[in-house]
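All chains are identified by letter, namely A, B, C, D and E, in their written order; residue positions are counted from 1 within each chain.
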Amino acid sequence: MTVIPLTHILILSSLLFIIGFVGVVVRRNTLFMLMSLEVMLNAVGIAFIGAGSVWQEADGQIMFMLILTLAAAEVAVGLALLIRMQRRYRTLDIDVLNQMKG
Amino acid sequence: MMLTLIVFGLLLSGCLAWFADNKVLLGIKLQAKWLSLLAVLVLSCCFLLLVYCSEKNFQQLQLFARVPWIRSFNIDYALALDQLSITLIILTFFLAVICILVSWQEIQKKTGFYYFNLLATFAGILGVFCAVDMFLFFFFWEVMLLPMTAIIAVWGHEKRYFAAVKFFIFTQVSSLLMLVAIIAMAYIHQQQTGDLSFYYQDWLMLDIKLDVAQYLMLGFFIAFAVKLPSVPVHSWLPDAHTQAPTAGSVLLAGVLLKTGAYGLIRFVIFLFPQASENFAPIAVTLAVISIIYGAKMAFAQNDFKRLVAYSSISHMGFVMLAIFSFNEIAYQGAIVTMVAHGLSSAALFALAGIIYQRVHSRNLTDMGGFWQSAPRMGGFGLAFAAAAFGLPGLANFVGEFLSLVGAFQVFPIMVIFAALGLIGSAIYAMVLFQNTFQGVPSKLVEDLSLREICICSSLLVSLIILGLYPNILLRYSFGALL
Amino acid sequence: MSLLASLPLYPLISFLVLITFGKRLNWAIASWLSVGSMAAAALCSLFLANQLSLHESSVITAHLWQWFSIGSAEVNISFYLDALSAVMILVVTGVGFLIHLFAAIYMKDDENFSRFMAYMNLFIVAMLVLVLADNLVLLYLGWEGVGLCSFLLIGFWYQERNNVLAARKAFIVTRIGDTAMAVGLFLLFKSLASLNIAEINQLAQTTASFTASSINAKNSEAYWAALLLLGGAVGKSAQLPLQTWLPDAMAGPTPVSALIHAATMVTAGVYLIARMNGVFLMTPEVMNYVAWLGGITLLTAGLAALAQNDIKRVLAYSTMSQIGYMMLALGAGAWSAGVFHLMTHAFFKALLFLTAGTVILALHHQQDLYKMGGLLKKLPVEATLFLIGLACLIALPGTSGFFSKEAIIASLWSSPTAGPSLWWCAILGALLTSIYSCRLFFLAFLGKQRFPKTRVISEHLETSKLLRGALFVLALLSIFGGLVTIDLSSLFLTYQPGIINRSNNPSWLHLVAIVTPFAGILFSWFYYKRYRILGYKPLRASQNPWVVFCRHGLGFDTLYATFLIKPYCFIAKLNRKDLFDQTLMLLAWYIGIWRDILSASQNGHLRWFAAAFGLSMVGLIFMVIL
Amino acid sequence: MNPVDKVSEITLMNTEMFIVLSPILLLSFGIVLSLLLIAWQRSQKIIALFSQLILVFTLLLSMHLLSSGILSGAGVQITPLLKVDQFSYLSLSLICLSALAVISLSKQVLKSQVEVHDEYYLLILLVILGAAILVASDHFASMFLGFELLSISLVGLVGYFREQKYAVETGFKYLILSACASSFMLLGIAFIYSQTGNLSFAINSATAPWHSAPLQLFNSIGVLLLFSGIAFKLSLAPFHFWAPDVYQGAPTPITLLMATVSKIAMFTVLMKCCFAQGYYQNDHFIDVIIAVALLSMFIGNTLALKQQNIKRLMAYSSIAHFGYLLIVLVISAEQSIGFAWRSALFYLTAYLLANVAIFSIVITYEQYFSQNSTEREVCLNDWQAMFWQHRAQAVLLVFSILSLAGIPLTMGFVGKFYLFNQAVISQSWWLITGLVIGSGIGLAYYLPIIFTVFKVNSSAATHITKDNAIKAPKIFIIFLIIISFYFGVFPDSLSQYLL
Amino acid sequence: MSRFASIEGLFYLAAIIAIVASLKVVTGKNTVHALLYLVISLLAVAVCFYLMGAPFAAGLEVIVYAGAILVLFVFAVMMFGLGIDEMHNAPQSKGLSLWAGPAFLGSLLLVELIFVIDNSELALQLNNQVVDAKQVGILLYGPYLLAVEISSFLLLAGLVAGYHYAKPEHRGGRL
């Protein structure tokens, strides 16, 4: 009997999503970018769970689990890349990585 | 079958010329130029035989081959001939010989590939003139561009890449519009009869609503107007002509532009009679602008070939004027002008090539007084300039006269403006001739060699024959238009 | 092949042989060939003329082949000989023969002699086709052909820039007239559905719609057709306003000036109008214009001739003026008189030019009148011949010019399309003619010798009997040509409303006409007296604006240069890069700009890429919301 | 973790489904086996051979299924997640083909690296598996998983040569941006789900949300977000920014993999999704498609102008090509879906062949450079006078470029012809205009490539003479030439399989 | 009603905590602090999940997300000393100017999304029925069986790719 409307959940999700997205755009530290990506994925999870609850289906939660999987895989690769970057460039500043252009 | 063999025979002999160039066979060193000359001569004989031996009446289109090609679109491989196409094909063969002769000395590098391209272009042009399936037509229409572009881009002059790209883009973009119109026609056919069809004869039966027809007609018209070329989409031509090697210019002016006129007659006028009649005032205005503008621009040029290129624009304006006047006299005029211009501009370009070989310049200011050392060249130059300004007795006059007389019945005011082009043509022809051959002799140039005399005199003789006895042409191209 | 058809063939063969073998032929062969062919043609045309007079229908035709057909109308290569064309072929071949003969000797030393003779022959071919054509298209062929030959011959000495320019000018200016004529042809075909000359003249009378007009007479098709044909005639015959090319055309060798720019080609306009009399008769307005055109031209040309320094230019202006007389006659409906004057003019003007040519040659290409003088003693024969020619020009009684000119003047007063004012014009013109002729003679032949004494008169001219012979024959023709009255009146249709009624003419008219030349001579005798005695300097140095104005052909050249040629060249040069091309290339440039902008956006910054992703989302969502 | 486990759930899937699914099962089985193989013996040759073998079998299997007729009609639904129809397996065959090409091209490239490359082939197989799942998916969940499988494996591949200059940069760019894109896509799916309560593609179109106006907007935004994720993968403008950099930085065979496998799979799934969900009835979506298509045509072609780096140029050209291809999504009625599929598949085939050809030539040049220890990228100028030195190779190149430019005699033209047909049927004049103008601009960079190849006087810094050039497999080249020419002139021989 | 009100209140509270914590993550200077904020955010979201009737998801969020993935982060940061960087080397990010553009862009996107969500008249509301672990399990190992299999491959891909990047530069081995 909760009366939380779906719109509010979606707005919450959008809000978190945008925060994450802005983080990706703004932060030059690659680690923070990865974290912001986590925030984004998490926000999407909220939307899925909310929608799943509305429809009284488990699909939303399953999607959330799949997103979780993705997050895990992505973080694994991301951190590995991060380490390589640290070794190679001695910095995590993403703006160093702009040798290709045009 | 025979026709197919001729079209593809050209292509194959091109390949042969390419691969056999500089190879030794039976102790004879094969040369691409000899091979291709031979091929063109043999195939043109074949073609003439084919036409003369067939019992068909070429007043109407006579089908020579029709086999299914792309079934998923109901596209056929269909070739047909009528008098219009026969006329133009003969012109093509004639100019093919000229082109090969013109390139005899000029092309020294990569000869094999050059002659391959030359013959491939001719094969494409031949295909354009006989295809009656519209997809096939478009196919050939594009295919002839490729080797032509290669000729410009590989053997051209200093700004050849720019010119080649410009040439290709202009034609390609406009012909894509035509492709859209072609496809739309096919679907209209499907709507009306239930089958998709790209077959020209089927389309003639269609009853298209005028408002739709107008757009479709425009699609075709733009493609052909670019090829013709008509102001304001002419600007590829001067560049392409200027940069192309001599044979390329001869080919472009002599035959390639005619495909535009051919398309206007065969497709625009015949498929959309009503729509094109409604469109005629605009087309005629464009034609008149082309005539005057081309003449004016030709006068302003310093570059020999550029001047001739602009004169082509002016001349093809007459063709368009005639085509859109919708009467028989004008049509005859259009056909004669097409052939005549094919010969005369080819002649002038050949002359430009001959001069270029001697002075290594196309700039008129570098020329002058050549008559002193090369009177024969001067004589031919005079004759060809005279053809360009429409001296009676040469073929151009008959064409222009008939075009104008015909058009005058319909658009008197426009013709009066078009007649200004006659004055303009006199001006540029005089500038061309006098700057080259008269004045203080700047350099001594070698007079024409035997081969060059052959080229020039064969062109001149055909110009004179057509000028004094145009019936040779009119008799055969007459029925195609009625 | 009939004799008629073969007439142009002789010079054509000669032309082909000469042009093909060119310099390989020596002088003797080349001149024998060309002059011989001309002789053959002349004999042939004499024979034809004779035959014609015996012929009952008074027309001989020769059909060669069908050229092409315009709709139902056929355009044939066929020749048509009637009295008018007979006169013309006689003049063309006869005078042509004599001039060829003269030229063969005159041009002997030129290295391109055979080419010269070839052109001359080609000219004769074209001229014969012109006069013999049975339809207007064939006539046009000849018409353009003579134009081309004229161009070639003016620019024969092509290494001098002035000659080249003169040739170009001649060609283009006449081309303007030709174009008008071509449009006239279109119009005639549209309204009469025929291009055959005889048929047109017939149909013009009978086709109602041709002359009828919804608004007024000035809008009828006949009016415009006649006007356009007149345009062609004006261009070719160097009448106002297209006369400017003729004086410059004197840059060509003197035989050319004699043959083309005096005797034959320039009179083609007159021939055209006479030929198309059926059309012109339908439009009195145009007849009136023709007359006025002739009248004004003869006065302006006379004035210009007064101020010229170059002997050939004087003659050129005089030619213009004399053709003005012919036009006047045609405009007045006096067709025969016009054609008659055409013939006599051909004789005496050819004589004048050729004689002038010998004089010029004798003085080693000195054409300036002020550098001659006193030649009467040095070159007595030439002076006599020149005097004969001038007498004809002035129309002293008894000479051929007298008969023809009197015939013209007499027809003017009561002609419905001319009238007294034009009569006065003609008289004034006659006065001017006699004045400038006298001035010419005085300056060239009388007075002191003004050229270096040391200069030797060229010798080979003196010895050439053939050359003199040609001149003598021409002189004879000039004197007695007037006696061969030809009656062409049967040939021409007359203007219906007013049959020229000479009885209305005041009785003093004839007297005035006869006296005028003498008045002119007297006037000039006294007017130029001090110059004869004191020398030429004051006149030569005259910077009187009027004199300068006249010397420069009454400013027409300047006018055209300012208002036509310069703007055309300016526009052409301005737009050399092709406006349309530049517009289209602007598109390419624009895309290039876009490329640069977009390429800058590919800056390799990951964060920017992410931001761009967001930005695109914003944009697309915005698009959807809207 | 192994497909064999699924036997216990036999109620969920019957034998027919297993048969139908067999190519994908084979692929996944192959991956597991190759893991075992690596554990058994680390040998590059064996693993390469093995993965090729797997791909060949997958290819043959899917071909067999295609010809067996099981797939005809609506296709076979395998659990709610997957639905296999003939188009899926046609795409899969294309994918396998290009993967085979990638692997055979990789061998040379990998040879120059002194390291064992088991994971390379493993990752490629994973990419192919992801693509296979994409083309078979009938559900947002499977689509998402396929998408991610594809991207994560590709992230591993794009920076594969870790020591190379651009490796980390490329990897990061691809990782972060594709994660971003997938987040957006997921958000879109969440929106769609929250509104329809259905994650399957199949939808009752009568009650589709775009029939009620208030819901339409929200749904459209959901679809738009979903589309943006896919568009990112297809590198459609304005989501194209990553493409040139990643193309440039990735090892060339991987670039080819991205240009072909990933895009073909993504486009297939996009079409499946669009047609199943009936997005062509949604005006908002169509507007977006048209806008994106036009932008891609323009931006892709414009950016490619004057581009010297071949790989970047190919990236830009692929942007434009997928812009053209979007035309097939704009259909007017359900009846034309079949034709749309045919058009798309033909076009993709043409695109695939051209890309394989061009990249294989790029690789031969790269190999040449690395042999001469001048590590650098292939530029347009390096191809000067190629025609006069390596004729077959140059002919192939010219053919491929012409095919991309859509000139007759090549498959690209027929593909373009299909697209024009499609556009005319749906009467989308804007797209036609874009296509025409785009082709026009395209010529301005395609033609210079050809001219460079034909340039007579080579003034390039590198003169690759005949003897020291690497021998590109000549049979391969000639085969490609013949194939592309044959299909270009007789498209029927290909399109009859596309029915 | 009050109970519902409190649940509702709890939800909004948790939401606000999540938002604030996320903001701190994004704006944080210290890497470890930011990570901890991220944990807080995830925990708050887990509360939301629970309140939305998805206890299983809430558990997963805590265990897997906060527990496993975040620990991976912390591990990497600590192990490889990745945290130093931001504090020392990147002072520029303090500047407002750097934030202004992206923040504006983000707010624009947000406004649009909220506008769309608001205007869509989604009359849907959550209900209190809990979708429990059993339901999830049945679905997961029923229709979504293949998804599970595929996600295993996804993890494998992540593993291989991660391994490849992270493994030390190593030469040798048989080709």
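Here is the rule we use: a residue touches a chain if its C-beta (ideal position, glycine included) is under 8 Å from a C-beta of that chain, and two chains touch if they have at least 3 such contacts.
Labels paired with UniProt names: A = NADH-quinone oxidoreductase subunit K; C = NADH-quinone oxidoreductase subunit L; D = NADH-quinone oxidoreductase subunit N.
Values in this document were obtained by computation on a predicted structure and should not be read as measured data.
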Partner chains shared by subunit A and subunit C (touch criterion as defined above): D, E
Nearest-to-centre chain - CA centroid comparison: B
Maximum centroid distance from subunit A, chain identifier (CA atoms): C
Selected pair, greater C-beta contact count between D-E and C-E: D-E
Geometric centre distance via CA averages, subunit D-subunit A, whole Å: 26
Subunit A and subunit B: spacing of chain centres that average the CA atoms, whole Å: 64
Where subunit B and subunit C are represented by their mean Cα positions, the distance between them in whole Å: 38
Subunit C and subunit D, separation of their C-alpha mean positions in angstrom: 78
Residue list for subunit C, restricted to those that touch at least two other chains: 599, 602, 604, 606, 610-611, 614-615, 617, 621, 625
Residues of subunit D engaged with two or more neighbouring chains: 141, 145, 148, 152, 155-156, 159, 162, 171-173, 176, 180, 194-195, 217, 221, 244-245, 444
Overlap residues in subunit A, where contacts from two or more other chains coincide: 6, 10, 14, 20-21, 24-28, 34, 50, 52, 54, 57, 59-60, 62, 66, 70, 73-74, 77, 81, 84, 94, 97-102
Interchain contacts (touch definition) - all pairs: A-C, A-D, A-E, B-C, B-D, C-D, C-E, D-E
Residue ranges of subunit B in contact with subunit D within the complex: 69-73, 109-110, 135, 138-139, 142-143, 145-146, 149-150, 153-154, 161, 164-165, 168-169, 172-173, 176-177, 179-180, 183-184, 187
List of subunit D residues in touch with subunit C within their complex: 172-173, 176-177, 180-181, 184, 217, 220-221, 224-225, 228, 232, 238-239, 241-242, 244-245, 284, 287-288, 291-292, 298-299, 302-303, 305-306, 441, 444
Of all residues in subunit A, those that touch subunit D in their complex: 6, 10, 13-14, 17, 20-21, 24, 30, 33-34, 37, 40-41, 43-44, 47-48, 50-52, 54-55, 57, 59-60, 62-63, 66-67, 70, 73-74, 77-78, 81, 84-85, 88-89, 94, 97-102
Contact set on subunit A toward subunit C in their complex: 21, 24-28, 94-95, 97-102
In the complex, subunit A residues that touch subunit E: 1-7, 9-12, 14-16, 18-23, 25-29, 31-32, 34-36, 38-39, 42, 45-46, 49-50, 52-54, 56-62, 64-66, 68-77, 79-84, 86, 91-93
